[in-house]
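Have a look at the structure that comes next, please.
Chain lettering (A, B, C, D, E and F) follows the sequence in which the chains are written, and residue indices restart at 1 in each chain.
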Amino acid sequence: MLKKLLITGANGQLGAECRAKLKPLAETIRLGARHGLGEAAPHEEIVYCDLGDKVAVEAMVEGCDGIVHMGGQAIEAPWDTIRNANIDGLFNLYEGARKSSVKPRIVFASSNHAIGFHRQTERLDAKSPTRPDGLYGVSKVFGEGLASMYHDKFGIETASVRIGSCTPEPDNHRALSTWLSYDDLIRLIVCIFNVPRLGCPIIYGASNNDAGLWDNREVGYIGWQPRDNAEAFREKIEASVPRPSGDDVLALYHGGAFCGHDIHED
Amino acid sequence: MLKKLLITGANGQLGAECRAKLKPLAETIRLGARHGLGEAAPHEEIVYCDLGDKVAVEAMVEGCDGIVHMGGQAIEAPWDTIRNANIDGLFNLYEGARKSSVKPRIVFASSNHAIGFHRQTERLDAKSPTRPDGLYGVSKVFGEGLASMYHDKFGIETASVRIGSCTPEPDNHRALSTWLSYDDLIRLIVCIFNVPRLGCPIIYGASNNDAGLWDNREVGYIGWQPRDNAEAFREKIEASVPRPSGDDVLALYHGGAFCGHDIHED
Amino acid sequence: MLKKLLITGANGQLGAECRAKLKPLAETIRLGARHGLGEAAPHEEIVYCDLGDKVAVEAMVEGCDGIVHMGGQAIEAPWDTIRNANIDGLFNLYEGARKSSVKPRIVFASSNHAIGFHRQTERLDAKSPTRPDGLYGVSKVFGEGLASMYHDKFGIETASVRIGSCTPEPDNHRALSTWLSYDDLIRLIVCIFNVPRLGCPIIYGASNNDAGLWDNREVGYIGWQPRDNAEAFREKIEASVPRPSGDDVLALYHGGAFCGHDIHED
Amino acid sequence: MLKKLLITGANGQLGAECRAKLKPLAETIRLGARHGLGEAAPHEEIVYCDLGDKVAVEAMVEGCDGIVHMGGQAIEAPWDTIRNANIDGLFNLYEGARKSSVKPRIVFASSNHAIGFHRQTERLDAKSPTRPDGLYGVSKVFGEGLASMYHDKFGIETASVRIGSCTPEPDNHRALSTWLSYDDLIRLIVCIFNVPRLGCPIIYGASNNDAGLWDNREVGYIGWQPRDNAEAFREKIEASVPRPSGDDVLALYHGGAFCGHDIHED
Amino acid sequence: MLKKLLITGANGQLGAECRAKLKPLAETIRLGARHGLGEAAPHEEIVYCDLGDKVAVEAMVEGCDGIVHMGGQAIEAPWDTIRNANIDGLFNLYEGARKSSVKPRIVFASSNHAIGFHRQTERLDAKSPTRPDGLYGVSKVFGEGLASMYHDKFGIETASVRIGSCTPEPDNHRALSTWLSYDDLIRLIVCIFNVPRLGCPIIYGASNNDAGLWDNREVGYIGWQPRDNAEAFREKIEASVPRPSGDDVLALYHGGAFCGHDIHED
Amino acid sequence: MLKKLLITGANGQLGAECRAKLKPLAETIRLGARHGLGEAAPHEEIVYCDLGDKVAVEAMVEGCDGIVHMGGQAIEAPWDTIRNANIDGLFNLYEGARKSSVKPRIVFASSNHAIGFHRQTERLDAKSPTRPDGLYGVSKVFGEGLASMYHDKFGIETASVRIGSCTPEPDNHRALSTWLSYDDLIRLIVCIFNVPRLGCPIIYGASNNDAGLWDNREVGYIGWQPRDNAEAFREKIEASVPRPSGDDVLALYHGGAFCGHDIHED
């Protein structure tokens, strides 16, 4: 059991899910966000902090033996936003980890958008080359690289989870392939903290979908077997969402709509 | 939903199965064969046509947005038969598709006999080299090549399904590995018409058999998960069919008995 | 059905399991060991024999059309012990097979210790290079090589089963990955004797564990689908066994504790 | 040394080159074409024959222990032309080989157009999937499949040579990658007839070009090391041929201009 | 021939080399640096500019159809330095390229430090996973990701050259493997601008060293065959530089000394 | 420079070659054999010793920082001979290395007969599965496994050199592929002792033959580029040695004649 688990971005959708369900993992849960965390429950600590503020981030990280890093910018945005939250912010987080009195294990919320420009007709695994689909995706490539370096050089273990479509239900045709249920996400995080030796793996965050695109066989040692399946929602989606044409980015690329976004200018 | 689905070879075993079960896929089902199609049911159209007759084939294909091509010669035969039905006939079909007022998506009934001379001790996937086991198998290699070219050059999408042993039940030891149930075949065809972007994949047509030889992981995006399993028939087969010796073509090669056939002379 | 199945090491844990459950495979079971086999049951024959005694081994093997070779030294030991039982002994067994009046099919109890020094963060299959973790593991590399040569040169088929942790229950964290249930072992042996053409495969002997490390997809043709799963015992293990640290050989290597053993001197 | 070497298409460019330079390979050279072979030199035999005429082809092949098959249709053409020369014609040739009183070794002039729709930015080897770029290319896929089957089933050895751009000099930018000098072609054919065991390899026919696209390392056992290099002609080409734009099929695809041809209708 | 080639970092060692030797590539050479460019020669333009200044960078890039980006921070440094020059600076460069009136082709000076933590006993190619060896290396992973995205999304072609040890002579044992001569670098840049279709390749920048570690076979289409060989300097190095011990980072890792550097704090 | 280099089997053909040419590598050369070493030259030490004598072997190894192990049984032989020299003997050598006051680096004379039953039409590299072609080949598989284990467990570095046909000249058709010149062997050994970090590689010992079968690209870091080429002897061989038929083991398998030998009985 962990002594202190930090959940960043704890006011976001996934952060809140982690807050609600990861209590059994640690004696204390430290919750980080810029705002909106409400009141601390028993065994919770609340830290308000901007990821771009190095001193504050290092203080937030100090003393935590586990980190679930859901913080940062979670969709495409102008460069300054991405750079501050996902590049400077992540550097600050790892510097905190390096300097901390205890060496934390980290779950890094990477994204399928790190490989978004591969075609859906191509299956990917952890060794597939990255093909980011926007500035957000490039920031995730940066993050996986940073995690790799802190592992090789300082022994900090990170699981980079390339999250697919993590929503209550899959809600479009692409999500029949990319959906990650909340329960499967939580089970994955538990596995990551339970395995005696983690190393620095890349893991695709998708449920056990019939139409899955990603191959996690290389990380069998983690012991994660997702149980949910987007196929259960196919009829509902077919009935309510127009099927994209074969030339639509939604149908062509792993990254879907992100592949069609232009650079967001300030 | 398709406007008009053409099923060729509709008087054959698999064609009849498709006729019976694919109705929900299309507003109209056009059935093609040389003879023996009986009376048209509601929403059915019947076309009698020899695949070697280019004008007739092009007329049959015109206006169909989906084609399940079960027609042609389905077992080893003299060259003239194979050539007329599976080489000239397939060229005629694709020319019909190219010239049609609507661009059809095609299911091409390829065969395990395109890779029949690989050893059963070797697992295959879609990238394994072809090793046809007779003139019939060579005609399927030709067909997959033709489909590939019409896709690259004209954008016509085809799923080449290398059908294993598609029978009501597996009925010999090799079929414990190669069996494809009728239900799994139908589910596969439905998946092929449902996926927004098909591309031009090669798919092994086998059920979820414990002793399977073929790996479809590269086409996970199709969303097809076969449900039947030949293992359920193992006891019955062991009780009724002599187990082949280890030096028998039935035990040595993916293609089984076809590997032992001589060239069929006229 | 086999005429005569030889089970060596029949007084050991796995040998006894085979003795109890493999009866349906053969008309007669011949049991071999140095001692301790009790009374022969109906359809059983008992042969006392040291594997290092070439004449005795050849006599024991004569006339058997199946061999389950569980005999030999099963854990790390001084060189003379390993050499006598696993190197000389195995050579004697294969010479017996070569000279026998019937050509036997052989199950060779190899071991995960043939690949023990690979990291647990790396997934292995039958083509992964060997990395033995001690003299015992080196003797298994020798044995797999010997089996390969007798197959290529003399047509004797062997399944080299790299057994994981074959115990009634998984009893430590590593075994959550490496456990092989007795039932899955027995089912595997049955499959090996049933497949018409075996060849000379390497098979990882592990149950269907959520946290499995080994990939058997290349031997799908055997038809073995393990059914048990060590995950069912995770809670019990977590409650009763201290989790190893990430730098412990138990957490680092496929071979676990064997990787930490020094050479056993006489 | 061969007894009798058949060169088909001996009136074509490559056939004539073979006629001029392969004399040392055989006691007798039999030359086949539809017309235009002039007078037979000493040790030459001339046979006029249409590849579509089965009886004539079988007679031409009878008694030859080596065949260099340069005959057939060598560029894109209407279907009937391709089908007659490259499909029916090749079947006739192999039937002749099968029925002949001596088993010939065959050099089959396949073509880079069997893989023409791969991108030039992608390196290919013999295991790369075929992607034919027209009816001509599809006929070469057919031919390689036919050769494979006659090897597996009847033991007839064929080298399928995917010829690049075999001309006196490379004469455009793509040929800097795809050029095969006449001398390298002749050396290759000599190697093919000298190796004691040929099997049924696919070999890319290109010289040792700095900008080469194809990898022949799998066929090192043939002993062919091409010596010419298109780079010697780069300056001349840059000075005389406009460099294609990056979106031109000449720059995009292995098959170059063929990828832009429409189907040739009669 | 290019209209206008921008060389950034033109006052650095490699930039100066490019300035001296790339004149034949373009009608005009625009030289960029923060300072120290001396006087413009005929056909040269000089632009002083900080890479972190977005407006200035976009102005510098405007109108150039080729860019050799040697600018930025070239060794390990504190985060702010790396971030400003190699992350913000590179983003500014690509935004300039995207907005420019002509679409430039870019040579990006990436580095072996993007893969520095792989062991020297392991050979790498362009598909090997990145393993950066410091903040500098991570910034190169970021840069390659950015280049990939601007290619997939906006069609801007980049060659990411993972430069080894680009010095007048190899001067230590590791450089016997990693040396890139100035002449080979220049020849590579010429090839990159000459190939009609570049795509977005990763190229290892090393000469034809006997002890090379990197495999460029996937980019044969570029036509670059390095001609120099560090082996010519082996005796001199052995005589003047102490051979590192086998446990030294110089001997263990592709990245050499960088793997031993701590994070540079401001 | 080494302090003391042990050459075992120094009275054999290759051992004598090493004795003559490796002097520059070490201050002292210790020569081991059972007999026939003549007089010690300056800087030479002579040790007579049977490899099966553990005490004697350990004394021979003590104090050597380099070992070229050419000793042992070098061709097929009865089991007792192989076992004593190549199994017990090699164990004794590594135990000597483990117990020695200095940790030696070892060149182990493995053999192509460790992979001899692969077909010549198949190219091999260090990761190809072993397929030994006799008891001798099995002993080499054992030896490579032993070397791997002493490296992983005790840090002893070994280069396992799978020697092809090491003779003054290639003298048959297979040797056109497998020949290793004496000079290339010596250069290889020098490289092995010069590289700062060796690890535990498998290296194919063959010259730069046009018809080579083996791929050493994974060990580029060693810096060995063989310079001789068996092709220079092709005419001589063709003139003096009958070309084997395609069904001869000489033409079929990497191991050549060894694949045809029966077990040598005492």
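The rule we apply is simple: a contact is a pair of C-beta atoms (placed from the backbone, for glycine too) under 8 Å apart; a residue touches a chain by one contact, two chains touch by 3 or more.
As the structure is a prediction and not an experimental result, all values here were calculated from the model.
Asker: Mind listing the chains that sit against chain A and also against chain C?
Answerer: Expected: B.
Asker: Check D-F, B-D or C-F against E-F and flag the pair whose interface repeats it, over half of the contact pairs matching by residue number.
Answerer: That interface is repeated by D-F.
Asker: Centroid from C-alpha atoms only, then distance chain C to chain E, rounded to Å. What do you get?
Answerer: For chain C versus chain E, the centre distance works out to 53 Å.
Asker: Could you work out how far the Cα centre of chain D sits from that of chain E, in whole Å?
Answerer: About 42 Å separates the centre of chain D from that of chain E.
Asker: Which positions in chain E are in touch with at least two other chains?
Answerer: Answer for chain E, listing residues that touch two or more other chains: there are none.
Asker: Hey, which chains are touching each other here?
Answerer: Chains touch in the following pairs: A-B, A-C, A-E, B-C, B-D, C-F, D-E, D-F, E-F.
Asker: Enumerate the contact residues on chain F facing chain D in the complex.
Answerer: Chain F reaches chain D through residues 119-123, 173, 176-177, 210-213, 215, 231, 238, 243-248, 250-252.
Asker: Taking the touch rule as given, give the residues of chain F at its contact with chain E in the complex, in rising order.
Answerer: Touching chain E: residues 157, 194-199, 201, 217-225 of chain F.
Asker: Which residues of chain F touch chain C in their complex?
Answerer: 79, 83, 87-88, 91, 95, 98, 114, 117, 126-127, 129-135, 137-138, 141-142, 145-146, 148-149, 152-153, 259, 263
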